[in-house]
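So, here come the structures, one by one.
Both complexes below contain chain A, partnered by chain B and then by chain C.
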Partner chain A sequence: MDSNVAIPAVQEEQVKPAARLRRRRFLDMSDVRFFTISLTAPAQYVLLFIIMFPLLAEVYISLTAWTPTRGGDWTQAYRFWDWGRNYVEVFRDLAFWQALGRTFLIAGVAVSLEFLLGLGIAFLFLDEFPGKRVFYALMLVPMMIVPAVAGYVFWLFFQSNGPLNAIISLLIGQPFTLTWLANDVTAMIAVIVAEVWEWTPLMFLIMLSGLVGLPEDQMRAATMLGATFWQKFRYLMLPMLKPIIIIALVIRGMEAVKIFDMVYLMTQGGPAQATETISIYMYKIAFQQVRWSYAAAAAMTILVIMTILASYALRPLQAPQREVA
Partner chain B sequence: MTRRPTWQIVLRYALVLIVVGLFTFPTYWMVTMAFKPKVEWSTAHGTIYWVPQNPTLENFETVLTEYRGKFFRANQSSALPSIRSSIIVSIGGTLFALLIGTLAAYGLSRFSVDTGDLPWYIALGRLALLILVLLPFMVLWAWLGIIRYWYGILSFTLLGIGADQLIGRLLALYYRGPTGSLAFSILQLRMFPPMAIVIPVMIMWSAFKLIDTWYGLVAVYGVVTFPFVVWLMKSFFDEIPRELDEAAIVDGASNWGAFFKVVLPLAKGGLASTALFVFILNWSDFLIALLLTTRDWPTIPVFLNSLVSSEIGAQHGPKAALGLLAVIPPVVFGILIQRYLVRGLTFGAIKR
Partner chain C sequence: MASVRLENLRKEFGSVVAVKELNLHFPDKKFAAILGPSGCGKTTTMNMIAGLETPTRGSIYFDDRRMNDVPPGKRDVGFVFQNYAIFTHMTVAENIGFGLKIRGVDEATIRREVGQIAELLELTDMLNVNAGRLSVNDMQKVALGRSMIVKPRIFLLDEPFSNLDAAFRAYMRGELKRIQREIGQTMIYVTHDQVEAMSMADNIAVMDFGVLQQFGTPDEIYNQPVNLFVANFIGSPNMNFIPCYFRSEDGKGYLVQKRGNARILLDDRRRQLLEQHPGNQDLIWGARPEHLTLHSEPSRSEYLRATVRFLEPLGPKTVVHLELGDQDTIKVIAHPSYREKAGTVQWIEINPKYLHVFDAKTGFAIR
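And then the complex of A and B:
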């Protein structure tokens, strides 16, 4: 990037006398370096200011055995210093690793389903048909619904006397009363269904814009040469859509592992720990069991794991980002 | 299109109807629930009501007025304060994020500023170094007993920022490539669940007496959503030819003048859609508001969650009514900016 030299060069040539006069002044408003710094500094320092203390406080607490219920003020936590026993405990805690695994399971299943559904629905919307705009708008609504509200709606939906069981009863012709959210497997299915419902529209939108942007003449050439739909899909569309597909999967995957609102409102991580994701796990440790130092250690461990994963996950984003644009 | 046989058109139409029907049903259920009188809320009376038989506005009335001995617990108040709080906090957070984010985005777009996209071992190594340096000070500050007060936190934060800058300089001596700064490597932590940082934020906020205030929430929302502003606005600024700023400067405008009078007006549409998008994000938040508000400033999602039923199924109607009210702004704004929605949700990686 040679962008940073372009403007100073122009300035030096055109407004030289004025610039030379101004250079003596403290906090020179016309100086490009000062300008650049004053553009990015507010963001940088506001972020540092808000992140710095919480981060260090978290590390500090995680190295002690302090809890709000025992040992009074958090500043006195050094009295309970225990050289990172919490971290050893996190590594030994089966519930932690299970919650992590469950998070990736939910994210993996949900994102794959979202992708397949989104791609399929995008094909349906590829051509014009009467009423397309209305259906298109309706299709986008779920992703704009506040997740907390969506969680509540799906909680209603999966009640034993809710609409889902009523539909199933109608279909099989006899009363069907499964308490979806009280059973390990069905609660998991319910959470994934809610997640897929909310975010398939995003996948649909991304895939549709990808399909619309495909070069038309190549498609037409393939059709004239007698290619079937499957051949066009496999050898033309899929390779050309690949960068967009990767970006969509990575971004949805990164968001999906943060899942909290839906699960919290639908099952609270239950029954027992059946739908406990990593966010719910930390919430329970910190606010139900009130083990703050342990929660802090778990949070730091998550930070390390997620940083490593994110840097690998983001790698495919960096190269194609410019091409797709 | 004209060559397609009729059965294909019919099949496609049927599929579209089924798919859209499935995806619309939960929303439909909530909307109808909001207008149903109490008898129709559940199947307890033997039948399920697909369409409200006696549509009523009673639920909206219940949720928007004070407790009248009807469905809620005795301490139940109206939802109006939470609606007010949601509006204030979302708008404030959006403005804050726009203010710092737009400037940073222009810097990233026009000047080669370090974006801090560094390999994880550098990011983590830098973090570990910072923690090693600062931890003794943390313990010292705690031992002195000043960390619990605002001046202790302030002085510690300044010390931390200084240490971070120093480590950045040192790293730049030995490592070629972006060394980033803690601030911009935050962008790399997009995957990081907010739950993990919110506990110490609660501690800091209570020291600053920011818990359960609108400005406390505004600050957190601004920081959480500002990366979206940076990446969205950067892609809008990138589309504006650099020659325009240069022309403005040649014509005698200052750097700030070129930005405010030439570039920003051209990016107006992008700025508006970014604002609406960030507003939707703030409006939708549940977790942060759940942990940082208690009595005075709960937002709509938190209030919705606090409507605990004493009798199962007792208040589906009012809850759905409030949910419907909460959903209207994001859906309206979302439809308005649907072209930019993908860009926002993919962090600007897909630009159509």
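And then the complex of A and C:
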């Protein structure tokens, strides 16, 4: 009752000042808003330009048959407008889909191996052992090496007279001269090995941070209930690490699909098209065959495919939030 | 169910000795408490019994079997953690049933047993709730149920109620004691809260700095503390300690206050005991505030003269702080209506039955 009486009294008292205040604040606010917008505008425009302009330009070019060799710059591309014939062609292009398939194969195998290795090594680093700091520093070295350099090192490594064959010769006691990069299957293996070497440390770091953050008492509680290591892993660690694992896999997966430098240095996509990933394929289209509008259409197709895949992969992360809401 | 016996148990963390040559026997089917201030080694002792820590030296026996080399999961010990350690990504039912699931028990049996435990703990309505969303009170119940379902031989509880709100803590104290009695479960309970230990336990082990101070029933701990630490740690407000020395006059023995002249006449047994005690010039007498009585007149010559300094009215009782002699303060529990002013002279009656005498150097009780 008290509050019922009190509220109208307060309102009546403040009606006029409040109205005045509101009018004045409206003016103030609009001034402030204009001012803040004008301050952020340059950055906003730059950002918009950086993100939107290349995308729109790409869409525009992909809908034409323009390439620099046909004359004119890209702004005149409308003269070769052909209503998306490029896209039809992309859909019919076997080499494109094969390159995409190979890329997914490399990315799938490499990222899976990186994940398993990274998680396994992260488990080892949970315990104390002599020289842990040194090993920790060594683990991170591959990530710090420029991929192009790593690609060149692995190109040397897999030569027929390179260190790998020397080691194998030593082990089997007779000369071993497999030309790794000249054989379809072994070239693929070599590329995957290089990719795994380069990026396992990142997985290791992400997984280690996840493992370190696991609640210790829950693990102890499970131990006391008689859970084995595998039961703890399956019922506790895996579900708790799930968000981290998904994010790590998505980040690495998207990165791995873009693989270019290593492959280009080691095999140039060869022998023939055996290791031609989608990036190498696009590079060849754009810079060797100079079919820019076709490359733009292929790039758009990949963007759409990757967006769909990524949103599916990230879906489990959104589930708990929906539940709460 | 099983008894637990610790033999010369020692645990070092680097140069820190957490537990020092501990010898203890927790009887079968009894409720025992390990009581001590934080850092006294009680949780380390508990972890060693559970197998979560490896002792530096010494042995742990369950009944007559040495358990040192048995891994924690095989010791058949239920453990309830201070912060519950609930599996927050599972439902309440999955949490309680976890122990059975990893033992490969079939779904129907798990569901039945979980149902029984949930009923016992009044969790039936919440079985399908995500455990991460429970209140701390319910989390603690789930933690209890999760350990109970595998019917461990020994139940260890590490300050399980310290995060609960006061009313629920009192309720859970009663419930836990009831469950313990009903199923005759051997329970060992770690706490720094003397009220929890005194109210629930059959036996209490008081620890300080990794050393066992006293092991006994709550009565023994309260009425016959073996040293100054136990005497001081148990009781609220804590015991009064007055430094004094022994004097013999005309065949009678007295304890004379050092910072003042308050004298306590001793009975014959105590007089003889103290006469023979080598350190009898450096003593401390102790008396609990609840065992002292205030009088306004010195109707008997043994009463000690003291001056009221301030009052602490606590509702059901009033704690009166008085000055005895020059510097010694002494607390007395008086009737809630007691309202004497500061500066009033009062006379304290000490019941000789409840008088404790300690050696000031060693801290041990003389009796």
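Here is the rule we use: the second predicted complex is superposed on the first by the 246 of 325 C-alpha atoms of A that agree within 3 Å, B and C clash if a C-alpha of one lies under 4 Å from a C-alpha of the other, contacts with A are read in each partner's own complex, and residues count from 1 in each chain.
To be clear about the criterion, a contact is a pair of C-beta atoms (placed from the backbone, for glycine too) under 8 Å apart; a residue touches a chain by one contact, two chains touch by 3 or more.
Not measured: the values here are computed from a predicted model.
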{"item": "Of chain C and chain B, partner touching more chain A residues", "value": "B"}
{"item": "Touched partner set for A:226, first chain B, second chain C, both or neither", "value": "second"}
{"item": "Touched partner set for A:101, first chain B, second chain C, both or neither", "value": "neither"}
{"item": "Touching partner for A:47 - first (chain B), second (chain C), both, neither", "value": "first"}
{"item": "Partner chain(s) touched by A:149 [first = chain B, second = chain C, both, neither]", "value": "first"}
{"item": "Chain B versus chain C as contact partner of A:235, first or second or both or neither", "value": "second"}
{"item": "Interface residues, chain A side, partner chain C - complex", "value": "215, 217-218, 220-228, 231, 235-236, 239-240"}
{"item": "Of all residues in chain C, those that touch chain A in their complex", "value": "50, 52, 72-74, 77-79, 81, 83, 85-89, 98-99, 101-103, 143, 146-147, 150"}
{"item": "Complex interface listing, chain A residues touching chain B", "value": "1-4, 6-7, 10-11, 14-15, 29-30, 32, 35-36, 38-40, 42-61, 63, 73-78, 121, 124-125, 127-129, 135, 137-150, 152-154, 156-157, 159, 161-163, 166, 197, 200-202, 205-206, 209, 212-213, 244, 247-248, 251, 254, 257-258, 260-261, 264-265, 278-279, 282-283, 286-287, 292, 295-296, 298-300, 302-304, 306-314, 317-318, 321, 324-325"}
{"item": "Complex interface listing, chain B residues touching chain A", "value": "1, 9, 12-13, 15-16, 19-20, 23-27, 29-30, 33, 42-44, 48, 99-101, 103-104, 106-108, 110-113, 117, 119-120, 123-124, 131, 134-135, 138-139, 142-143, 145, 147-148, 153, 156-157, 160-161, 164, 181-184, 186, 188-197, 199-201, 203-204, 219-220, 222-223, 226, 230, 235, 242, 245-246, 249-250, 252, 254-256, 280, 283-284, 286-287, 291, 300-301, 304-305, 313, 316, 319-320, 323, 326-327, 330-331, 333-335, 338, 341-342, 345-347, 349-352"}
